[in-house]
Structures are given as structure tokens and as C-alpha cells.
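The structure follows.
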Amino acid sequence: MMAMSKIVRTVSNLLYFFILIFGFYIVMHGHLTPGGGFQGGAVLASAIALIIVAHGIEKAKKFYSEFSLTSCESLGLVLFISLAFLGIFMTFFYNFLSPGAQPAIPIFSTEPPLGPNLGNLNTGGVIPLMNIAVGIEVIGGLGAIVYVMFRGGKK
Amino acid sequence: MIPECVIYLFLGIGLFFNFMGSIGLMRMPDIYTRLHAATKCTTFGSIFTSLAVIIYGILWWYDGHSSYAPLATHTIVALAAILVTNPTGAHAIARASHRAGVKPERAVVDRLEEVKLP
Amino acid sequence: MIGAIILTSVLAFLAWLFMTMGSGNLLYLWDLKEIYAGIFFSVVTGVVAGRFVKGKDWRMLNPARWFLFAAYLIGPFFIAMAKANFDVAYRVITGKIRPGIVRIRPNLKTDLGITMLANSITLTPGTLSVDVDENSGDLFVHWINVKNGAEEKDICDYKLVCGKFPDWIRRIAE
Amino acid sequence: MNVDYVGIMHVVVLLIVLVSAYLAIKLKNLLSAVLALAVMSLLLSLEFYLLHAPDVAIAEAGIGAGLTTAIYVLAIRATRHLEGGA
Amino acid sequence: MRNAVAGVALLVMAAFLFYAAVEMHSFGSPAYSDMDDYFIENAQKETGANNVVTSIVFDYRGFDTLGEATVLFTAVAGTTAVFKKRREKK
Amino acid sequence: MNYLYNFPFIVVAILIAMGFYAMMFKRNLIKIVIGLNIVESAVNLFLIALGYRKGAVAPIYTNAPVAKGAPAHSMVLPTPQALTLTAIVIGVATTAMILSFVVQIGKHYGTIDAKKARRLKG
Amino acid sequence: MSDMSTIFLITGTLLLAYMLIGLLRLALGPTVGDRVVALDTINTLVVAGMILLGAAFKEIIYIDVAIVYALLSFIGTLYIAKYMEGGM
């Protein structure tokens, strides 16, 4: 399995960390700007696909394994379900951190003002945490798809 | 007044070069020359249209809307992404089609044909 | 290894700061929560992506090189790019071409230098980098209008093809 | 003069979507069909953008730009030597 | 023969689709939107998220998202199972 | 009368018809998957176009230029967007699964022509 | 700052019209490489158009879509290029 040319590899190494930090930006700001766990996870999985195609599967095997990607996926799903279970004293999927929740927990529960506000990361109750959980799941899932198809489909 | 004229000028330049890129995509004879036209002209035109938006955003920011700063900064990020990825993509396509056996049309010299690279 | 992780983290944190500019009141630009989140995710990015940055790239942290790079982008590169576009527009309209693939030897050592040169060549007058020899660093350039006499030599003089770019890039990246 | 530019954009974008979907079905070469599908996804994302759905536009962009093309190309690679493959 | 029947079926389906599309309520003015108006007015107060779409995905309709996450998990599990690496003999 | 009258819905109808044509009459299995993908995209477009409101903005309060009183009727409907959002990610995963089945069919039968693979049993 | 949405909208519409030319090359192109070039051109035009539309709608948060496209369209191009050169 050949790697691509030197120019492509260098640009991929440069772009890799930028795509990662941009994906984290999309996941973290999911409740403020367009984005969220699904979109950010897709962007991060594309970063994995970029490394696999630029360096070839032989080198990418050192950095990712099928086990790590699929366990990432399982971890995300488990986190998501347990976040849903944490609100079980009211109902399943109860947003127990939100501004209107009854036993008020003063973290993540600022009520955002109407109008332009970009920096209020600590709003939204459990929504940012669920974004992160779903993001982990989507990274693992889509990354595992590309990894496995790249490794196995050769003939 | 002057900034608006600059914005109009930049939009005009961007439109002209994007048009040239699209026309070159149709008129040129083979894939390498098409890559010349498409990559250079569309990148240059997009730089100018993005510069117009950046100037617009900075003026808006300067007018006191501090939370409108991302219009300029995010456009700069998109512009940097275009500037890095476009020529690299063109290089990848050119290399792949040379390896796939597409000869440059009307070529006077082809040194790459003589040295077989791995 | 540790150095590469720290370098990547710092770069990622700068990118994060640039993207979240205008979100709060710290220095009129940033919000404190954004900075905490940025530090956390920069460290994660550094741990994940650190091994793809080579150790030699430390030299790019020198600010003098950044200023040189900015000067290069605004000065000769932009002028050459403008010229390139008028050149291509002329050739699109008239259809006058004399293409060929020539070999040049810029004598650049680092990967970053070769990459910058290849991308500059792609965006400037009448040239498109097609392939690169991994061992010697030679570039194969598709030239839309081969000058008379340039096609006979085995290795073409790089001054004909891309002007003074290799000298600039040697100063920036090596 | 009061022209509805956004309406014109809707019409042009949807026309390009139609033509590229037609090409994706019509082209014999499977790789070309995948390229046409990528163009369709790209213009569909622009259409979502025009319909004020930036969330969906980002999802379509992130999926359609890289991953869908990658998966199709990998599947074509695995079946190209077969009869009926491209 | 089979192709002809299938073609006629396709044409009939396309005609019905076209008729339905023409007879739809006009583009740009949705007919019933009570639930969405409720979400738009109250989402920011109740959940504290600025993005209404995200608050619907993760709060009001969390069960849907749970189901979709499970479908995603199953699809990935299916793909990895199909391409499972065969154990090589040592 | 708006000249844009229901044009997106008509496009959706044509796209669905084209996708079904590819699924019914093409013989290559990958072409069939492409047809399925087109139908899926058309349904996504239909849902989003259904929730569009003329002259409205996206349902995001960050930077939304709405008056404090009644922001409803000035934002597009959010629920179809929320449905479509997850459907897109699910769509790529299921497409990958179908394509992996196609690859397995090719390995097993030695062809990815639908008719021949149907004839060769076993 | 006067309202400049209209000029941005006009520019975006013209960029869309250029996309039709790229589409013609996508339909005609004799080899796969020509079609990839057309895809690349349409990509760049769409990114430029998205930036212009974000300025025209005065929705700064829309620019994120353009960044995602500018970053990720490269990956699809790389996959197709790698398949074309026979390295896979």
C-alpha cells in the first residue's frame, strides 16, 4: 500500500491538527452555533480518513486500531445512555441541569440572554455533555467504517 | 465611501477571474492545462471575493458590533483553507492522471515520462 | 515527542483563539470559559496529532520566519500570482500554448520547504507541479509555455521556471 | 428594481441538482457516477444553506464531501476486477 | 414483459408524485406549525440552549436520537462484522 | 403568483422517480446503491423544504435579529431539521453497510451484476 | 455602513451561473481526471458563494459551513486521485 507524494503527506500533517481543533470547536459550540455532536463527529472522522489515505494503511495501523475505534463508539453510546438515565428521578431524558430544573444545580444552567451572545459555553443543561458523547460515538463509528473498508476490501 | 468602492472593485475582480477559470475549464485542450486555468483563476477570484467580505466584516466590527467579529475571522480561516488545499489537490490530480497514462497534449518535452518514479 | 506535543498544542490553541475571537469581554475579545475549553481541547489535540509533527519543525517557531513568510506572501508571491492570472486569462482567450513537463532542482532539504515551493509553483505563472522525486527533491513541473531552448537540457534552470522563490523559501523554512 | 435573487438561486441550484443526479445515474463509469453524486451532495448542501438550515448544511457538507466519496471509492476498488464492475 | 410492467408502475408512481407536488400547499408557508412555534418560543427558556435544533435533538426528542444512535451502532457493527479479519495461521 | 411556486417539491418528485428508475432498471449493484442514495437525499430535501418559511431566519438565537416580543413566525420550523440531521448520519452508515454487503456478494458470486447474481444460487 | 446585501447577492448569483459551465465539463469530460477538475472548480465556487451569502444574510454563524467544505472537499479529491493512480 503506497503512501501518496511528499507534498500531500506534509499538507495532511499540517491540516490534521487543524481539522481536529475545528471539529472540537463544532462539537463544543453545538448549542450556540450550527453544529453539534453529529456534525463535529463527522468532521473528526474525516480527519481519520485523511490520515489513512495520505499515509497508507500500514502506517495508520500504528496510530489507530479497530479495537480503539469501536471501543470509542461503544463508550460514546454508553455515555449518552447514562446521561439520559441521570435524569430518571423525573423522567427518562430529563434535562436535570437546565435553568428551569427543580433541584437547581448551578452549573451549565445560566439562562442565556436574547440577542448576540457567542461565548456562553455554560448554558444548555446536559446538551453540551450529550453533544460530546454523541461526538465520540460518531467519530468511532464512521472512523471504524473507513478503516475497516480500507483494510479489508483489497483484492 | 471609499471602503464601499473597494468592496465593489474587489467583487468585480473576483467575478472576472472566476469567469476566466470557468471559461478556461471549457476551452483548454487537455487535463493539465485545464488544471492551470481552474486552480489558479478560481483561487485568485475566491481570494478577492473573500477579501471583500473581510473588509465588510471589519467595517461592521469597527462600527461597534463586537460580536460580529467572527464574520472576518472565520472568513480568513476559510480563505487559508482554500489557499492550502487547492494547489495540493491540483498536484494530486495531476500526478494521478500522469500515472494513469494521460499524456500532455501537444507537449514539446516530457521529462517525467523518462524517469520512472516508484 | 514531548516537544512535538507541546508545539501542536500551542498551534491548536492559537487556532482556537483565532476562531473564538469576539465572544466575550476579556481584552474585549474573549470569554474566560472559551479559554478554559480551548486549553483542554488543545491538549487533547496535541496528544492525538503530536506524532505527525516532525521534530525539525521547531525552527518555524521563530517569529522572524513568520514575518518573512508574511512579507513573502504579500510581496513577491502575490505579484506573481496576479501576473499568473493575467497570463492564464490571456492564454484562455487566445489559446496560444506550448506545454511540456520539465525537471528542476531547487536544492531544498526539508519537507516543508518542498511543499511550500510546490504550492507556490502551482499558483504562479504558467506552471503546475506534477510530481516530486522523493530522494533528490527534484520537482517535475508542467509548464504551459516552454521557453525556447529550455526543453533540451535534462535539468532545467529553476530561475527560468519560478524566479527567486527557492531563495525566499530557503530563508523562510531552512 | 426589485429582483428576487434568492429565488433565482433556488432555481439554479435545484436545476444543477437535477442534472447531476441524472449524470450520476447515466454515466457508465462508476467513478464518474460517484463524482456526479459528490456534486449533487455539494449543491444539496448549498440548497439547505439557502433554506436557512445551517445545521443540516454542515451535516451534509461533513458527510458528503469526504466520507461518502471515500466509502464509494473503497467499494469500487474492492469490486473492480469483477464482471459488471467498472 | 416484467420490465414493461415495472416501467408502467414507475410511470404511475411518478405521475402521482408530480400531482402531489403540484397540489401541495405553497412553498414557503407551512400549514400547521403549532408545535414548532411552541419550540421556538420556549426552547431557550426551558433548556437554556441558543440553538433550537440542538435542544430538540437532545432534549424534546431525545428518544429519537437514542434510537438513531442505536441504528448507527448497529450499522457500524454490521460493517465491521462483514469485513472481519480472518485469523491467520501462525 | 410566485414563479417559484412549489418548484422544490417538483424537484423532489423528479429526484425520487429517477432514484427509483435506477433501483429498478440498473443491473450494477453499486448503481442501485447510488439510486438509493439519491432517493434518500430527495427525502431530506423534502423535509427541509416543508419547514421553510418565507422571510424567516434560522432557528438559532445567537445573533438572530428578532424582536423581544414574539419571535415565532420569524424562524423556520426546527423539527424537520432535527429529524433530517440524524437521518443524514444514519444514511451514510447504512450506505456503508449496504456497500460492504455488495463487496461480499462480489467475493462470493464473482459478479456484482444483479441478474447474474440472482441466477447463480449457492 | 450602508446595506450591501444586494451586491453580495448579485455576485453569488453570478458565481452560480459559472457553476453551470463547470457542470458542462462534468457532463462532457472525456476522462475521469477532467471530471475531478470540474468537481474541484465547483467546490471552490461553492465555498466562495457560501461566504458571500453569509455576508448577504448577515448571519455570521453561517460561515462555518464554508470552512467545513473548504477543509473536507480535499479528502474526497485525495481518495479519487489515489484510486486513479492505482495505489489502492
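Order of writing sets the labels: A, B, C, D, E, F and G. Residues in every chain begin at 1.
In this section, a contact is a pair of C-beta atoms (placed from the backbone, for glycine too) under 8 Å apart; a residue touches a chain by one contact, two chains touch by 3 or more.
All values derive from a computational prediction rather than experimental measurement.
Each step here moves to a touching chain, and the least such steps from chain D to chain G number 1.
Among the pairs B-G and A-F, the greater number of C-beta contacts is found at B-G. Comparing the CA-atom centres of all chains against that of chain F, the greatest distance is found for C. Rounded to whole angstrom, the centroid-to-centroid distance between chain E and chain G, based on C-alpha atoms, equals 26 Å. Mean C-alpha positions place chain B and chain D at a centre distance of 21 Å.
Averaged C-alpha coordinates put the centre of chain B at 31 Å from the centre of chain F.
Centre-to-centre spacing of chain B and chain E amounts to 36 Å, using the average Cα coordinate of each chain. In chain F, the positions touching at least two other chains are 2, 4, 7-8, 14, 21, 49, 51-52, 57-58, 60-63, 81, 85-86, 88-89, 92-93, 96, 99-100, 103. Residue numbers of chain B whose C-beta contacts span two or more other chains: 23, 35, 39, 43, 67-68, 70, 74, 77, 84-85, 88, 90-92, 95. Residue positions 34, 52, 54-55, 57-59, 62-63, 65-67, 70-71, 74-78 of chain D are each in touch with at least two other chains. Residue ranges on chain G touching chain A, taken from their complex, read 61-62, 64-65, 67-68, 71-72, 74-75, 78-79, 81-82, 87-88.
Chain F meets chain A in the complex at residues 58, 60-63, 66, 68, 85-86, 88-89, 92-93, 96, 99-100, 103, 107.
Residues of chain C that touch chain B in their complex: 18-19, 21-23, 28-29, 81-82, 84-85, 88-89, 91-92, 95, 97-103, 118-119, 122-123, 126, 128-131, 133-134, 140, 142, 144, 146, 151, 154. Interface residues of chain F, counted against chain D in their complex, comprise 2-4, 7-8, 11, 14-15, 18-19, 21-22, 26-31, 34-35, 37-38, 41, 44-45, 48-49, 51-52, 56-58, 60, 76, 81, 84-85, 88-89, 91-92, 95-96, 99-100, 102-103, 106, 110-113, 116.
If you check the complex, the residues on chain B that touch chain A are 65, 67-68, 70, 84-85, 88, 91-92, 95.
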